[in-house]
Structures are given as C-alpha cells and as structure tokens.
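The following pair of complexes shares a single chain, chain A, combined with chain B in the former and chain C in the latter.
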Partner chain A sequence: MNRGIAYYIIGRFLQSVLVLWIIVTLLFLLFRLAPGDPIANYIDVNFTREQELNLRARFGLDKPLHEQYVVYLVNLAKLDLGETFSYAGRSVLDILAEDLPNTIYLTMSSLLLAYSVGVLGGIAMAALRGSLIERVGTTFTLMTRAAPQFWVGMLLLTLFAFQWRLLPSSGIGPALVRYRWETEWDKLLSPVFWRHMILPTFTLAIYLHGLPLLLMRSNMLEVLDQDFIVMGRLTGYSESRLMIQHAARNALLPVLTALTLGIGYSIGGNVVIENVFSWPGLGRTLVEAVQESDYPLAQGAFFFIAFIIVFLNFIADILYSLLDPRVGASAQARLS
Partner chain B sequence: MQQEALVKEGMRGKTAAQFKQGSPFSQLWETNREVFQRDKLALFGLIIFAFFALVAILAPQIAPNDPFTPLKNADGDWISNTLPYWLAEPGEDEAEGFTNTFVLGTTNIGRDIFSQLIYGARSALLVGFSAAIAVAIIGTVVGLLAGFYGGWVDVVLMRAADVAFGIPFIPFIIVISAFFDPSIWNVVLAMSVLLWRDSSRVIRSQVLVIKEQAFVSAAKVSGASGLRIIFLHIAPSILPLSFLYGTLAIGWAILTEASVSFLGFSDPETISWGFMLQDAFNSLALSRRAFYWIVPPGICIMLTVMAGFFIGRGYEEVLFPRLRRT
Partner chain C sequence: MQFRLNPRVILALVLVTTVLGMSLGAVSAQERVPTITVHSVTQAERPIEYETTRLVVENMRELGLDVEHRALSLLQFFDETWFSREEGKGRVEKPFQMTAWRMVGRPERSEPDEFTYNLFHSSVRDGGYNFIGYYNPEYDALAETQRALTDPAERREIICEAQQVIRNDMVNAYFLHPQTPQLVNTDVFNAASVVIQAGIGIQNFWNWINIEPIGEERLIITATTSNLNVLNPLEIAGDSPSRVTEIVWDRLMRTNPDGLPEPWAAESVVWEDSTHVVLTLREGMTWHDGLPVTSADAAYSFEAALAGTTQVDAEGNEFFRAEATDYYPFVSGITDIEIIDDLTIRLSLAAPNGAFETSTLSKLNLIPKHIWEPIITELLADDGADVDSIQEEIPIGSGPFKFVAYDVNEFALLEAHTDHWSAPKADGWLMNVLPNLEAMIGQIQSGEMNLLWEWPSDPAVLSDIAEANDHLSLFTETSIGFQYFAFNLRYAPFDNLAFRQAIAHVIPQQFIIDNLYNGFAAPADSFVSTALGYWRECDEPLRTYEFTIEGARALLESAGYSWDDEGRLLYPAN
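== the complex of A and B ==
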C-alpha cells in the first residue's frame, strides 16, 4: 500500500467522522427544537409539580440547550443512548443490541441470495442477449424494482402463509418464545428461526436481485466487446469458459462495490419489511418507538442505522480504492 | 434505487452527457422528441402517466361511490367485506339487502374499494410530481452553484451532499412524521431535503465541463454577472439532466409514499394506494385471502413507478449514448 492510498483512507475516515457529527447534531436539533414537550406523554395528570421537575432533571431537560448538547455528545461517544420510555426504563442500547443481530441476519441472508441470483442471472442474460428469454427475464427484473417491497411481502404472505399454510406468517419463533433462546447461537441453530426467516428473506431478495443482475449484465456486455475476448474466441476457448473465466471475473468488481453499499442501504430499507413480517429488528423498533413517542429509543435506532450506513459507505470507498488504484489517486488529488 | 444511482454515477463520471445544439427550449424540445420517438417504452410510460392523470382529474365522475363513506344496506348496516360482484354467489346480495355492483368489493367498514383505487391516483400523482419538481429544482441549483463557483461553495455543498447520503431515507421520513401532522407532504419534504444529493453531483460535474466552453468565457468577458451566466447561459444546457432526475424521482416518491402510508404515518383523510394496502393489512384481508383487495393497488403503484423508470431510461439513453443497450 503506497502513501497516496494511506492519505486517502485517513482523509476519507475524517470525512466520515465529520458527516456523522453533522447527522448527530441535526438529530439533536430535530428532537430538541421540534414542537412539543419530549416527555409530555410521560407526565401523568396526577403528577405534582415537584415530581415533574424531578423527571425533567432525571432526563437532563432542566439544563440550557448547549449543556444538553455537550452531555448528548459525550454520552453518544460512550455509547450511552439513554433510557427508553416505553420498555420500563430499560436502556436504549440494551433494546437495540437485541434487535441488531436480527436485522443483520435478515439483511445478510437476503443480500447473499439476491447477489448470487443476480450475478448468475446477469451472466445468463448477457450470454442469451437478444433472445426471448433475455427479454422476458430483464422485464421481470425491472418489474420487481417497481413493485413496492411491502406489497410483494403481502402477496407472499397471503399465498404461503394463509393459502397454502406452508410457512409461518410473522415473528422469529412461535408466539411468546421470543426470549426462549438462551444465546444467539441457540437461535441460529434453531430450524424454527430459519423457517421464520424464509418469507422476509425472499421478499427482500426479490427486490434486491435487480441491481446486481442489471449491473452484471451491462458489465458483461461491455467486457465481451473487448479485444481479449475476441482473441480468446479465436484461440478456440469454449464459449462457457470465455463467459465465466474471462468475462465474468472482470465484470464482477463493480457488483462487489455495489454489495458493500447495498448492505448499508438495505439496513435502512428493511424497515418496511420488518414491519410486514413483525420481524424484531431495528426498523420495527424505530417504527414502534415513533408511534409510542419513545423519543430516546427512536433517536437511538435512527443513530444506529445512520452509523451503519456511513460506516459501510466508508468501507465501500476504501475497498474500491484498494481494488482500483486509479480511484484513490484521483480522489487524493481532489482532497489536497 | 439509491444504490443504482450511486453506482451509475461512477460510470457516468467518465462520459459527458451529449446535448443538442440550438436555443435552450429547442434543445429541450429536440431531446424530448428524440426520447419518445426512439424509445417505445418511454412512450408507453408517457401513456401510463396520461391515463392515470385522466383518472385522477375525472375521479369524481368515474368513481361509482364516495371513497370514504361506509355504504349501508337496507337495514342500515355496513356492507362490509363484500366480494366483487364477479366473485360473489349470485343472489347473496339481495338476501343481505343490497345490490352488489362493486367491481372490487368493499372494505371491512363498507367502503368501495374500486372508488378508493380511482381516488388513489390523485395522491400518487400529486406526491410523484411535486417531489420530482422539488428534487429537480434543488439538485439543479445546488449543482450549478457548486460547479460554477467552485472553492468553498463547492466544498460546503458537496459535504452537505455527503451528509445527505449518510441519512437513511425511510427512517428519516418516519422520524419527521413523529413531529409533523401526518400528511403526504412529509414525503415530499423529506425527498426534497435528501434526494437532491444524486442529481446535484451529476449536474455539478456537467457544469464543470460546460463552464470551460467558449460561450461562457465570452459572457464573462462581456461583463455578465455570475448569476446571469449560471441561470441564463449554463442552466439551459443542463435542463435535460434535471428532467432525467425529475422523472426518476417520480417513481421513487410514489414508492416511498406507499411505504410510509403502509407503516401508518399517512393522513387518514387522504386516500392513497399505500393507505389502501395498510387498511387491507390491518383488516386481516391477508388471512381472508382477499386478493381482489390486495392486488389492484399494488399493480397501480407498479405501473406508475415503471412509467417513471421507462421515461427516465429513455432520457438516459439519449443523454448518455454510451449506456445504450447493444
């Protein structure tokens, strides 16, 4: 690794920290300056004035705004996200730490499925270009990108859970055993958990497979036009060997970067699907927190999701600069 | 779609968009003509929009019933969860004291689903087009200023775009909904605040190319002010790009509005397709396998979103010939 790339990574890292700081500040302003009292919902009519003041003092709401901001930043840096309003005072971090793995399992399994199907499908579509199968296939893919994800989820639910009764309709396990698994490991080894994951995973994958497929297809077509492919063909390599070993390898790079970015955006975009399938993840918690006016939890969930996205954008850029040195060099020129 | 824009941006950076010669409006006209003549799918998209626009305008004339009023039978009870007339047992309706003329049946509180579907076109097009206009205008202005002035203006605006890229879109709208009264305008607001990030970057890089051209230097030498050069001389050449991002935003806005309504953050006084699906979901239409209720709103969303995609793709192929399909 040369010095140019090292500088680029450091610059890009500082930039991510800056972006995150601005997001956090905006979040603070949004939650503190918005109309309405943040704890209005939690002040009972029977509260005495003293009790109310105590409650305010406990949440630090009696201090001036700039002091609140400093406390907020310090607490964030210590990953202290405060207490929830609605979960009997459990800490926000506690709730989110419980949700995060579920969101990650769902995101990763759907991305894995979507990108395997997408990459192979893209190769197939490029190989079959001009044929009827290709036209039908790409049209279908375009349609999946226009269909609302939650609607696809509803259709799959109706068919597989209610019409044919093959798969469970919601949650991650039979009702009331949400906390039955002692450890994450137990959960991951449980077939019940995987059965519950099938429908949401497929719903997400149906939407997500479009990007890698279309990207792979157009990259393949571009690579297939190049001289070394013609050369290979003249040398007498078989068409399938040319496709897989020569063209696909070169077409894969942009798809991999898209995948890194895709993880971040899927975690943000899973919100709707988690709600369709009552999947206990970050997105579902965010929606519930907003509905219940549980501001600390809503704020924490939003911060978590934003953090993951900024972090993965950073990783994607770094990966790209390592894999394609031209990017790092030009970006470095821009930074200096 | 966000990812798509991101990835494509990288590819586009290498190729400048191709523009027509002539006055700004003849340029725009020529581009439009080429898009819809070359690309039958883009034309199809335009026809879909025209169809739904007509439905939206004529909604009160076409809809057989009011979309909000629960319909009642002879005894004054709600005609709830009625099957469409083409699925229902003949004679059942008379026994219940009403005539079943419902194309898509009724909801669980006796509202006419078909009429709701027709009125839903109104909010879809309203959200789609206002978000598109807002995104196109903001993205264009930011891109123009950043590209033309460079320096700290550029740095500030492009770092702001980085921030916008770090904010998760749907969660952001949900948080916004916590503080404002539920309304379809929340979606438009959130989209205007965030989605200029894609268009502004591309337009900025295009401005960087255009500002080196002779006609800009000529305007500078003759003493034109910066703003005059930007909006009178440079802006017309990038209008087709603004159009492209506008059309892409239409579909994105309709999809987003549907998702947000589905999550229950929409105005219950406005009928939208997303609201209909939420209503169906909460009324257990899924376990009753009421496909006549679940399928049509989704198809309508899909058609309008695809119309936006088709037109956007048509634009892309004219503006960026390198992307043309082989």
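== the complex of A and C ==
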C-alpha cells in the first residue's frame, strides 16, 4: 500500500516534469518562430548596422536557434531565467519575484471572499430551491459570470473611485506612502495597501464566486436526495442541522478541488484586472513583456504561471491519494 | 484589264498585314502596373493610421491601380518593411513598396540634422534609416554641407534647399503633424508659468523647472502608460524614462523652448575653430551626493560614452561594441578630450559638425566620475553586460531634481535639488505608471494627478474634459513628428517621379485632419515641422500637392501612362 503511493507520487512527479519540459519548449519556439524581430523595438533614426549587431550580441540573438535552446534549458535547470531585454540589468527572476507577492495577495483574498460567499450562497440557494430569491440569486450569479471582468472593473472604478471618491483607483499605494515601505511586512501592515486592494479584490471575487456557488448548489441538491439524508430527516434531525452538518460537508469536497485548481488558474488569469487597476503583479508584467518582445521575461512569466499550475495539480493529486486510498491502490495494481 | 487576285499577292498581303498588326499590337499592349501592396500597422494598434491608409488605398484604386492594403502587427510590420527593403536581402521575399510610417517628436529632433541626414543620405541606405533607398548625390552633398556649417543662418539656407529637393522629388508623402492635447490643473499651478516647447508640448525640461505651484499642493503629479524600465544616464530609453533622466542629470547645453541649443551646465561654449570647442562649467555645481561637479566629470562623461571593445560577430566580422550603444553615435566624432583646468575642457572633432551643440552637447548627460569609472572599468574587463544595463539603486546626477525612490512598474519620485543654480519652483515631481487610460482621466479630474502629458488616444476626449472641468486647461502643440507614406524608391513603379507625385495628389490631407484626427493635426509638407519656426523660414515656399484625383490622372497621362479597356493603369511605352 505505502509502496503503491510512493510509486504513484514518483510517477506523477515525472509526469509533471515532462509537462513542464513540453511547456518550456513550446514557449521557446512560440516566441522565436512568431513573426517579428525584437530588435525592431530599438530602431531609431540614428540606428546603424553596428548597433544592430551590438544588440544581437547583447541579447544572445546572434547565436543559432538550437544553441539558444540549449543555453535556455541549461539555465532553466539552474533556475536562471536569464536577463530581461527591457529592464536595465535586472534578471527575470528578480522582476517576477517582485511581482509575485502582489499577485498572490490579490488572488488569495479574492478567492477567499469568492469561495466563502459562494459556498454559503450555494447552501442557501439549495435550501431555498424554487423560491423567488433562488431564481433571482442564481440569475444574478450567472450574469456576473458572463460579465467581462474589465467591464465590471471599470464600473466599480467609475462609481467608487471617481464618482463617490471612496476608494483609491490604482496601484498598491500612493507613491508618497509607498516609498517608505522597505520590506514586505511594511506593506502588509499598512492600511493603505489593504484599502487599495478592495476594488480589485471585489472585481475578481464577483467573477470567481459563481463557480463555487453553482457547484455547491447542485452538489447540495444531489446530496439532499440521498438515502442518508432521508434517514436523518426521519430520525428527526432539524433541517438546519441536516443542511450544514450532513449535506454541506459532503457537497464541499468537489468545491475544494475546484479551489486548489482555481488558485493556479487565477494567478495566471489576473491579467485583465491587474491592468484595469494598474496593479503591479505578474499579469501586468506579462502583458508588458509580450508588447515589448522581451522574450526572456515573457517566457519567464509564462513558465512561472505554468509551474504554479502544474505544481498545484501535483499537490492536488498527492492529497487525493492520501485522502482516498483507492487512488494509490489502483496505481499499485497497474504497476504489478 | 481586269484585276485578278493572284494567290501570291494574297499571301503577300496577309503577311504584310500580320507583321504590321503584330508590331502595332506590341506598341499598344503596354504593361499593366502590377498589384501594389501598401503596408500599415493593424487597426487595433494604430486605428487612425490604419483608417488613413484605407482611405488612400481607395483613392489609389481610382487611378486604375490594383492595390492591396496589408495591415500587420507592429513587429511583423517592421519585418516586411524596414527589414525587407531590398530584393533577396529581406526577411520576406518581396521588398515593401509603399507603407504608412511615422516619426515621433522628441526634444533632440528639434535639431534638423538628424532627419536631414539619417532619413535620406545614401550612406544609410543598407542598414540605417534611409530604408526607402533614396540616392541622390546632389542631396548627399547638401546633407553633408549643412552638417559642416556652424553658422546657423548659413546652415538654414542649405536645410531649406534640402527640404526643397525632398519635396520636389516626392521622396516621402508627408501629410500631417499630429497635435498632442495635454492638461494642466490650474488650481494647482499658475497657468502663466507653463512653458511649452516648440514641437514637443508641456513635457519639457523648462516646464518642469518653471511651473509654479500656487496652493498647498507643491508636487508635480503626472502619469505615464509604460513602465520605467531603465533609469540610466547612458541609455536613451523610451519616452517615459527620458522624462526622468533629463531632469535628474544635467547637460552641458540644453535645447531651449524654441528648439535651439543654449549653454546650461556649461557657462560658456566657445568654438576656437570649426573642430575645437572649449566648454567652461558653472561654478559651485554639486552632485546629488554633495560632491562638486568638476571638469574631470565632464570629460569622463564623454569618455564613458566612447568606451567599448572590438569584438567579432558570428560571421567573423569585427565590430566595435560600444558600452553605451545609444550614445556612442553622438560622440564618435570626438577625437580628443582635454582637461584645461578645474572647470574647463576642450573637445576636438574629426570633422566640423553643425549639429554638435544639439545632438551631442545638449544630449549627453553629465555623470559623476566617482560613481561610473569603477563600474565601467569592471565592465570593460569582463566584456559581459553593457553599461546601459546597469541600474543604480539611487541614481546620482546634478540636475534640478534628485532621486527619492522609484519602482519600475509603479512610480518615480523626485524632489527639488535646492542647491541647484536653477532650482525648480515645485517641491518635487512624481510620475505614476498607469496603464489604464480611464484611470488617467479619472485621476486628472479628481485632482489625484495635476498634469497630463501622455495621451495615446482620441484627442477629442481630452478637450471635452477640459471644457467640463474649470480647473483643467488644455494645451495643444503641433508635434515635431509627422505621419507619411514612404515609397521604396529602388523599384518600379515607385522609382518614377510622376507616379509618386500622382500618389501624393490622392492623399486627402485636410479630410484626414478634419475627420480622422478631429482637427488635432497640422498639415505637413516636409520632414522639418512647421513647429520649428527657425528652420522653416525659407525664401521659397515648398511645392504643394493639392488633393485632386483628376489632377493625378492628368499628371500620369502627361508622363506617358495610359489606361486599358478595363481602366487599369499601364506603364508608359518605354
């Protein structure tokens, strides 16, 4: 049994590495083979052939493609994502490491908000099935899921930031406060930072809360039809106790799976929100990097996001095998 | 005698008519002008440029041409135009024929040399900016002559002549100079203190130091849409970082609001002859770290820009790899830098250079030797990174503003350098990075931001906002930059003057300005903007090409072009 799990984990790990290698290769080829020369960004009236050679040499673009690929893989294995083209003397890792925390704070707080509201809302919708509140509530949720994020963001921005001037409109804090933050802790302990996070968090949460709500609602309805609930009802448990303790607990598992995967996808999917709210995170850097044809930075950002998603999938798989012994056992059965 | 048709006579007649018919046919079957491709950037990236191209393409069809409009994303666009200028040497098989193009206005471009020389001189046809392949020895001579003249009035004469040649040759079809709308909060600043630089606007050095706060808000707060990726005195970075570098680092001379160079950190600039110039620094200037600015620093600023090593590229060719790639071209003509005393240096040039004061002395940043010498020495030794990839944590200059803090994708915050001999009236300067234009509009109206200079969108939006808000004043300045159509002069049909002139006649200049630009543009007829008064004071006006399709057809006809039965344009017989 334990050996089964070990094999399973090793298998999964190798799979993840393979997936990452494929992603890395695709990324490399995508950027290199796409039309457009990154040097074009530097063309100026005073541009000379010599300058072009200078730039190519500096970026390593003068080497043949296969050589660039080998250099890229070797560096990646050493966790060296290279130097950016467009930021002076800064490594890709350095830039991404600076952006990542901001993206994580935003993602986590909006997921937390979305899933709390979603789970509770789902239970309520299931309990109120057929009522007017349920019909209105579900329609509203479907609408928020269909509304483009940038549109919701603009709407909130116009109302709360510019019309009523209740909340700040952009960034993570005014520069005059912001420059005094020396460490990550200074930032996290500053109320200004959290005030700046309200609008983007809500915008994201409005979009994200739909999935857990609808998922929770349909799971609940399924569970409520099952024998043990009927049994409980016959035993004389109160309706609220049945709902929360018995039905909701069972209906929650798929929602948690969605959450684990949701973390990964949200980190990569904040591109729109980060641009609307000028939030200095991974998504914004990604857009800038693509616009500027900053290959190393764009590759690095995509790789980072892919890595997080693959890693969280891997973790989800391991958790599953630990929670559900059948997963490991079947793996062992296949192996023997 | 009865006339009889002899079979021989019939044969002879048939033969004669056939031969005659064939030869006549060969004369009348002139070649059609083949399909022309006109390039532009996509609608998504540059909507107005795209629409303009669409309009002109429509009108070209009226001339009996088969025209294809090819819109590409920016980098791909460069691949098919800039990088595909010559047959067999390009990124794509077919060299470009005609393309929409733009030059943007920058302060250093108020000196006409850059455009006069680099856009048209035959020496930069292969890899430089003369990608259209203009070759005219008479023009080359003018471009070289103006460069060698140091007397502005004499130079102007030559520059006027150069503009005439380019206009008459219809090398590029210029049609407009955009006008950039900008906003200033006049509750915060005295409107009379705003300085506009000719051809640039309010985002200029003189405005930053002169604009005068009248209330409690003493900070200039502005924004930009792009990241401040590099703040390095030896790199000419994008538009936004340049706003920072030009006020943190001082320069020996500066281009004044009229676009002409004047002494700045150098109290005097004296030309001993046309290749030797003596520069004397002002007394008492200090770096932001408190050390004095000396002639050794000034000399080192040139040496740093000249530094580099000789390297070999993949094909085995030797080339000089400059540490400061961007600045090297501006100093490469300097042969000797001599320190005369604590405040004086003397530069020797290889050849006279009329643009030296603007292109070099007003462009090069003064850098502190005590900070940069160790860095550059180390870089030269290991020939890895270049000096323009260095980012100081707290950059040190000697300009009127000094560094407080910055974050590449958030903001740059500067404070007044109160020891400066021309200290700014404002207490500080802040530029936020705001990729969202809606946020920019919101902030300028709410007062979170008090000066808006960058507006890459519909100008009418800003003029509406200015009208709706009493505290906002609109400033509009005609740009040094221009929009045009460039022709590949190397190949037919654009190697023909009459053909190019006909194309110029079908560009509805005023219609484009009124409708696509909502009036926020001025008509253009030269590579020297009408905003640069001095260089446009010529004896003779430039030739005009009014919008007329009939006129264009008549012009083609008189040049020997004709049309076939389907109305397609045919090349002249010979």
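Following the convention adopted for this analysis, the second predicted complex is superposed on the first by the 286 of 336 C-alpha atoms of A that agree within 3 Å, B and C clash if a C-alpha of one lies under 4 Å from a C-alpha of the other, contacts with A are read in each partner's own complex, and residues count from 1 in each chain.
In this text, contacts are C-beta pairs under 8 Å (C-beta built on N, C-alpha and C of every residue); 3 or more make two chains touch, one makes a residue touch a chain.
The structure presented is a predicted model; accordingly, all values stated were derived computationally and were not measured.
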| said: Just checking: does A:R90 make contact with chain B only, chain C only, both, or neither of them? Give me first, second, both or neither. | reply: second
| query | Given the touch rule stated above, what does A:P148 touch, chain B (first), chain C (second), both, or neither? | reply | first
| message | Which partner chains sit in contact with A:A301 here, chain B, chain C, both or neither? Use first/second/both/neither. | response | first
| message | Let me test your reading of the model: by the given contact rule, A:L221 touches which partner, first (chain B), second (chain C), both or neither? | response | first
| task | May I ask you to decide whether A:S278 touches chain B, chain C, both, or neither, giving the answer as first, second, both or neither? | result | second
| message | Tell me the contact category for A:L53 with respect to chain B and chain C: first, second, both or neither. | response | second
| query | Of the partners chain B and chain C, which touch A:G171 in the superposed model: first, second, both, neither? | reply | second
| message | On the A-aligned overlay, A:I309 touches which partner chain: chain B = first, chain C = second, or both, or neither? | response | first
| said: Tell me the contact category for A:P191 with respect to chain B and chain C: first, second, both or neither. | reply: neither
| field | Intersection of the chain A residues that touch chain B with those that touch chain C | value | 35-36, 154, 157-158, 161-162, 169, 275-276, 287, 293
| Contacting residues of chain B [partner chain A, same complex] | 1-4, 6-7, 10-11, 159, 162-163, 165-172, 174-175, 177-179, 251, 255, 258-259, 262-265, 274, 277, 280-281, 286-287, 289, 291, 294-295, 297-298, 301-303, 305-306, 309, 323, 326
| task | Going by the contact rule at the top, pick out the chain A residues touching chain B in the complex. | result | 15, 18-20, 22-23, 26, 30, 34-36, 129, 142-143, 145-152, 154-155, 157-158, 161-163, 169, 211, 214-215, 218, 221, 225, 254, 257-258, 261-262, 265, 267-269, 271-272, 275-276, 283, 286-287, 290-291, 293, 295, 298, 301-302, 305-306, 309-310, 313
| request: Over in the complex, which chain C residues touch chain A? Could you list them? | output: 73-76, 78-79, 82-83, 91, 103, 109, 114-115, 118-119, 124, 126-129, 219, 226-227, 229-232, 235-237, 311, 313-314, 319-322, 325-326, 329-330, 385-386, 388-391, 404-405, 407-411, 413, 430, 432-436, 438-439, 442-443, 445-446, 448
| field | chain A - residues contacting chain C, complex | value | 35-38, 40-41, 43-58, 62-63, 83-84, 86-90, 95, 99, 154, 157-158, 161-162, 165, 169-172, 175-176, 178-179, 275-278, 280, 284-285, 287-288, 293
